[in-house]
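Take a look at these structures.
One chain, subunit A, appears in both complexes that follow, with subunit B as partner in the first and subunit C in the second.
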Partner chain A sequence: MARKLIFNIFRYNPQDPHSVPHTDTFDLEETESMTLFIALTQLREEKDSSLQFDFCCRAGICGACAMMINGRPGLACHTLIKNLPDEITLMPLPIFKLIGDLSVDTGTWFRAMHEKVESWVHTSKSFDPQAEEERMDNALAEEIYELERCIECGCCVAGCGTANMRQDFVGAVAMNRIARFIMDPRDQRTEKEYFEVIGTDEGIFGCMGLLGCEDVCPKHLPLQDQLGILRRKMGWSAVKQLFRRS
Partner chain B sequence: MAVNTTTYVRSSSRTSAYLDWLQMLTGAALILFMWSHMILVASVILGAGVMNALAGFLEETYMAQVGGPIIGCIFLFHFILAARKVPFRAEQQSTIWKLSRQLRHTDTYLWLVQATTAMIILIMGSIHMWTVLTDLPITAAKSAARIQGGFWFVFYLILLPLVELHVGIGFYRIAVKWGFARRKDRKKFKKLENYLTAIFIAIGLIALLRFLLLK
Partner chain C sequence: METLFTDVLCIGAGLAGERVAVEAASAGFSTICLSIVPPRRSHSSAAQGGMQAALGHCAMGEGDCPDVHFEDTVKGSDWGADQEVVRLFVERAPEAVREMAFWGIPWNRVVPGRSAYFKGGKEFEKVEATEKEGLITARSFGGTAKWRTCYTSDGTGHTLLYTMDNKVVELGVTVHDRVEAIALIHDGETCTGVVARCLKTGKLRVYLAKATLIATGGYGRIYRETTNAVINDGGGAIIALDTGVVPLGNPEAIQFHPTGIVPTNILVTEGCRGDGGTLLDVNENRFMHEYEPEKAELASRDVVSRWMTHHIRQGLGVKSPYGDHLWLDIRHLGEHHIKTKLREVEEICNNFLGVDPITQLIPVRPAQHYTMAGVRTNKDGAAYGLKGLFSAGEAACWDMHGLNRLGGNSLAETIVAGKIVGEKIVEFLHGYEVQYNTGVIRDAVIRQQERIDGLISGKDGNENVYEIRNAMQNELMDRVGIFRNGSDLQKAVDNLQEIYARAQQVGLRSNGIGVNPELTLALKIQGMVKLALCTACGALQRTESRGCHAREDYEARNDRDWWNRTLATWKEGDDLPTLNYEPATETVELPPAERGYGVCKIISCDGEIIGEE
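Presenting the complex of A and B:
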C-alpha cells in the first residue's frame, strides 16, 4: 500500500506586502521511485500552483533545488521519498536571500564569495588561441577535478554553524575553491597571496571544525580533508612570514 | 556572507592566524595537563602515601608553586582566545541552537557542549585552582577532608564530567581542524575521543570515592 505523505512547506512571498511567513500542509500519495522533486512538482500541478521552488537539471548537477529537508540541507532531486518519514517538512536554505517559499537566491552570495576569494586563475601569461593547450599531469588534473565537482548548491553554507552565526564567513565552498587553485599550476599566486584572501577569521581561521559541510555535501566533496590541509598550510605560512621579515 | 560594496585596500594581517595557533596550542597544553593532572590525582587510588610522595616531589621542585599559576594563566588565556568564537549575542545563540536542533548533527551539538561547559569550567575551575593553590602543600589527608565535607564532593562531581567532556571534544576538534583526523580517520578519532572521555571520568570518579572513604 502506498504511503500517504504529509508535507509541511514554508510559505512566504517577500514581494507581497500581505504575505506572512507560515507553513502550509499538503498530503500526497507516494508513488514508486518518487523523488522529492517529483513530489513537489506534483503538489504544484495538483494542489497549489503558486508554490515556489527551484529546479533545473533534476540530476544533482545544477544545485538549484537545495532546501532544508526535515531540517537538513539537501538536493530535492537527489532525495528519494522512500528514505523519508511520512511527514516531511521543507524550509528554504537559511543565509541566502529568500525569493519565495522554497526558492532562494544563491547567486548573489556566491558572486560575492567568488569576488572575495578571487576565485579565478591568476596568471600574467597572455592567452594565445593558436598555441597548443598546455598539458597537465593526469593525476593532478583528476585531483583538481575532484574539487571542481562542486555544484554550488549552498548546502555546505546552510549546514555550517559558523556561517549561520557570522554573515562574513566565506564557508567551506570558498575553501574548497581556493584549495583547487592552490593545486593548479596555472595559477601563479604565491602562498602569501593566497594567505591574504583566505588566512583570516572570515576564511579558514573562522572555521570551527563543526563539519556540518562535510556531512551534508550532496556531492560528497572531501571538505574535511581540504579544510584541514588549508588550515595547516595557512598556519605555517603565517609562521614562515614571521621569520621572513622583509 | 555580507555583500560589501565599498572599495577598500585590503589590509593584510596575520593576527587571525596567530590567534588560531595560540588557541590550539593553549588548548593542546591544557588537554595534556588535564590528563596528567587526573593521573596524578588518581595516585590516591594506590594509596595516600603514593599521592603524598608525588605531591611532595612537585612542591620540592617548585613545580606546583610555579607551574600552578602558569597553568592558571594559560587557562584564562585559552578562555580569552576561544571566546572569539563563542556566541555571546542572544541572536547568535538562538541561531546556533535552532540550527543544531534542526540538523540533528552530533559534531554541531558537541560544539554547543564545548561552549557551554567552557563557561562553567571558567568559574568552577578558577575556584578549584584558587582553593588548592592558596592551601599548599597538597596532601591526601587535606583533600580527603575537603571531599568528606560534602560540598566539595558535589562540586567535583559536577566539575569532573564537564572538564573531561570539554577536553575530549577539544582533542577531537583540534585533530579535525588541523587536518590530523582525515575523512577516513574520523570514526577512529571519534571513538578515541569517547573512550578517553569515559576512561578519565571513570578514573576521576574512583579517585573521588577513594577520597570520600579515606581514613
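Presenting the complex of A and C:
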C-alpha cells in the first residue's frame, strides 16, 4: 500500500502585506518513482496554486531546484521520495535572498561571485579566426572539465559553516572556479593576481575546513582537494609576499 | 511605470541570446538580456552530446569539410532547409568552435595512437594521427558521414553556456534574470521593445530597445512527453504570434528524440549511440540494422524514432506500468568510457532510474525534443513582419533544419547564428534611430495590466489553467505525434479549438499576488494553445511526409507540391491561424534526392514517382 506523505513547507510571500512566515502542512499519496519534483508539482496543481518553488531542467543538470530537504541542502528534482521518511520538511536555502516560499534569488549572488573572482579566461592574446586552435593535452582538458561540471546550485554555500556566519565569504563554489582557471594554461593570471582575489578571509583563509560543501555537492565535485591545493598555494604565496615586503 | 532604455534587448539568456549580446556589446552597443531563470540555468545547459563543426582532426573525421557538413544537414532536413542559410552556417561553424576554445571550453582533444571504438555493438580499431595530437576531436552522431561532433564529455551545452556567460560578465552586459517578456511593443511596422513581468516581484516593467531579439528556445512543453525543461513553454514564440504580423515558420516541424528515459522523459544523449550504443527490443535483440542496413542506430532522429515506434507497434516493446518501451544498451562501451565520456548519462540513470548503465539496460522511447518551428527570419535573423525584431537559436526558424534537425546541429546553431545575427544587428544599428510612441507603449502596458486584473478577478470565467494545459498536451501527444493522419489531425484541430475557447475563460484560484506561479502560466495559456493549433493545422494541411512530419495517409515526400515552408500568422480575434507558404529555398546547391536512410518514396518536382508504392 502506498505511503501517505506529510509535507511541512515553509511559506512566505514578501510581496503580500498580509503574508507572514509560517509552515503549511500538506498530505500526499506516494506514487512509484516519485521525486520531489513530481510531488511539489502535484501539490501546486492540486492543492495550492500559489506555492512558489523553482524547477527548470528537472534532470539534475541546471541547478535551479536546490532547497533544504529535511534539514540538508539538495537538488529536489533528483531526490527520490522512496529515500525519505513519511514526513518531509522543505525550507528555502539560507544565505540567498528569499523570493517566496521555497524560491530564492541565486542569480544575483552568483553574478556577484563571477564578477568578484573574474570568472573568465584572462589573456592578452586576441582571437584569430583563420588560425588553428591552440593544442591542449586531452588529459588536461578532462581535468578542467571535472571542475567545470559545477552547476552553481548553491548547495555548497548553504551547507557552509563560514558562509552562514559571514555574508562576504565566497564559498567553495568560487574557490572551485578559481582552481579551474589556475589549472587552465589559457588563463595568464599570475599567482599574485589569484592571491589578490582569494588570499583573504573572504576567500581561502576564511574556510574552517568543516567540508559540508563536499558532503552536499550533488555533482560530487572534489571540493575538499581543491580547497587543500588552493590553501597550500595561497599560503606559500602569502609567505613569499611577506618576505618581499620586509 | 519603470522604463529602461537600451540599444539591444535580448529576450532569453541561453547560448543564442548571450552570443548575440556578446557581439552587440563588443561593438559598443548597450545591451540587456532578459531571462526567466538565472542565465546559467537556461536549457542550453542540458544539451549533452556536442556541437557539429567540420574540423576533420580526428581519424574518423578525416577529409571532412563544410561541403560534407552541408550535404548531411540538407539531407537531414529532408530538403526542407534554406540552403543559403545552411551554407552560411557550415562555413562559420569551425571558427565558432575555435572561438569558444579561445574563450575557455575544455574541448576533448585528439589522443594519438590506436584505440578501440564500437559500431553496431561490434568493436573496431582506429589510429589517431600523431601530428593531430591535442587538436579538438569529435564523436559520431546520427545522419553524418564523418565524426564531426565536438564535445566536452557529455556536458557540452553546460560548458558552452558557462563559458558564454563568463564572456557576458567580462563584457559587463546587464542580465535581468527572472524577468519574462509578456508582450512586444509595436505599431504594426516597427518593434520597439517589450512589456515584461518581473518574476521576483510580479510587477510590470517596460524595456524600450532599437533592436529586440527573441532567443527563448523551443516550446516542447506544449507536449505531454518532452525532454525539454519546464521553462520551455513558448514565451518568445507566443509574443511574436500575438503581434498578428510575425509568422511562425513550419509549426508542424516538431522533432522526437529516440532516447528519452521511461518514465520521466529525461534525455540521454545521442552520444550513447554515436559512441556505439545499440537499441534492443523485448527479446534483447538489435533491430535498427534490419530497418536501416546502412546507418542502423545512427540514422537521423526522425527515422530512428519512427522505426522504434513501428517496432513497438509490432509487439516487440518491453511492457511497463508506463507503457511499452525499448532498451538502450551501452554496457559494452565499458566502465572507463562511461565514466569519462558519458558522465551525465551515468548520473541520470543512477539518480532517476536506479539503473547502473555499466551493467544494466536503460529503458527508452521517443519523446518530444526540438522545435524546428519558430519565429521566421531571413538569413540575417531579422523577423518577417516587424522592423527591429530579430530571432536566433531554437526560437527562430532561420531555417537550417527544415523538417528535421541533426543531432549536434542545435548547439552549433546557437553559437553560429548568435554570432552571425549579432553581426547583422550591429550593422542594422549603425545609423538607425527609432521614435518611441508613448501612446503605443501606454496601450501595450494597459492591455497587459487588464489581462492580469481579469485573471485575478475571474471576470471571464473560472476555468482551471492546469486542466487546460493538460488537455492541450494530451491532444498533441495523442494526435500530432510521430505518426500523423488526416482524421486524427482534424480531430486535434477541432478539440484544440474548444480548448482555446476554454483558455479564454481562465480564472485564478489563488490570489495572484507577487510572483504567483498560477498567474505566470495563466498569462501564457492562450498563447500555448495557439502554438498547439498552429502545429496541428500546419500538420493537417501538409499532405506529404517529410522529415519529422510522417503522414500515414500521404507516405511520399512530395517535392512537386510541398517543397515549401509553412508560414503561420494569427490575426487578432481569429480562432485559427492563417497559413501561407513560401519556397523552402531560393538557392539550390543540392537538388532534392534520396536521403540514403529512411523509407524512400518521393514524388519528384516534375511529378515522377520514386521508390516503392
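Heads up, the rule we're going with is that the second predicted complex is superposed on the first by the 243 of 246 C-alpha atoms of A that agree within 3 Å, B and C clash if a C-alpha of one lies under 4 Å from a C-alpha of the other, contacts with A are read in each partner's own complex, and residues count from 1 in each chain.
Simple rule for what comes next: contacts are C-beta pairs under 8 Å (C-beta built on N, C-alpha and C of every residue); 3 or more make two chains touch, one makes a residue touch a chain.
Please read these numbers as outputs of a predicted model, since none were measured by experiment.
Visitor: Looking at the overlay, what does A:G107 touch: subunit B (first), subunit C (second), both, or neither?
Guide: Once the two structures are laid over each other on A, A:G107 reaches subunit C alone.
Visitor: Is A:S49 touching anything from subunit B or subunit C once the two structures are fitted on A? First, second, both or neither.
Guide: Second partner only, subunit C.
Visitor: Please work out whether A:D86 is in contact with subunit B alone, subunit C alone, both, or neither, and reply first, second, both or neither.
Guide: So A:D86 meets neither subunit B nor subunit C here.
Visitor: Touching A:E29 in the superposition: subunit B (first), subunit C (second), both, neither?
Guide: Touch partners of A:E29: none, neither subunit B nor subunit C.
Visitor: So which bits of subunit A does subunit B touch that subunit C touches too?
Guide: In the superposed arrangement, which is not itself an observed complex, subunit A uses residues 108 for both subunit B and subunit C.
Visitor: Show which residues of subunit A lie in contact with subunit B when the two form their complex.
Guide: 68, 71-72, 94-95, 108-109, 112-113, 116, 159, 161-171, 195-196, 199-201, 203, 205-212, 214-216, 222, 224-225, 227-229, 231-232, 234-235, 237-239, 241-242
Visitor: Quick one: which bits of subunit B touch subunit A in the complex? Just the residue numbers, please.
Guide: 1-4, 10, 12-14, 16-21, 84-85, 87, 92, 95-96, 99-105, 107-108, 111, 173, 176-183, 186
Visitor: Can you tell me which positions in subunit C touch subunit A when the two form their complex?
Guide: Residue list for subunit C touching subunit A: 37-43, 45-46, 95, 97-99, 101-104, 106-111, 133-137, 152-153, 155, 158-159, 162, 165-167, 169-170, 175, 177-178, 199-202, 229-231, 263-264, 266-267, 321, 340, 343-344, 347-348, 351-352, 354, 466, 508-511, 513-518.
Visitor: Can you list the subunit A residues touching subunit C in their complex?
Guide: 13-16, 32-33, 35, 44-45, 48-52, 54-64, 78, 80, 99-100, 103, 105-108, 110-111, 114-115, 118-121, 125, 127, 129, 131-138, 140-142, 144-145, 148-149, 151-152, 184, 186-187
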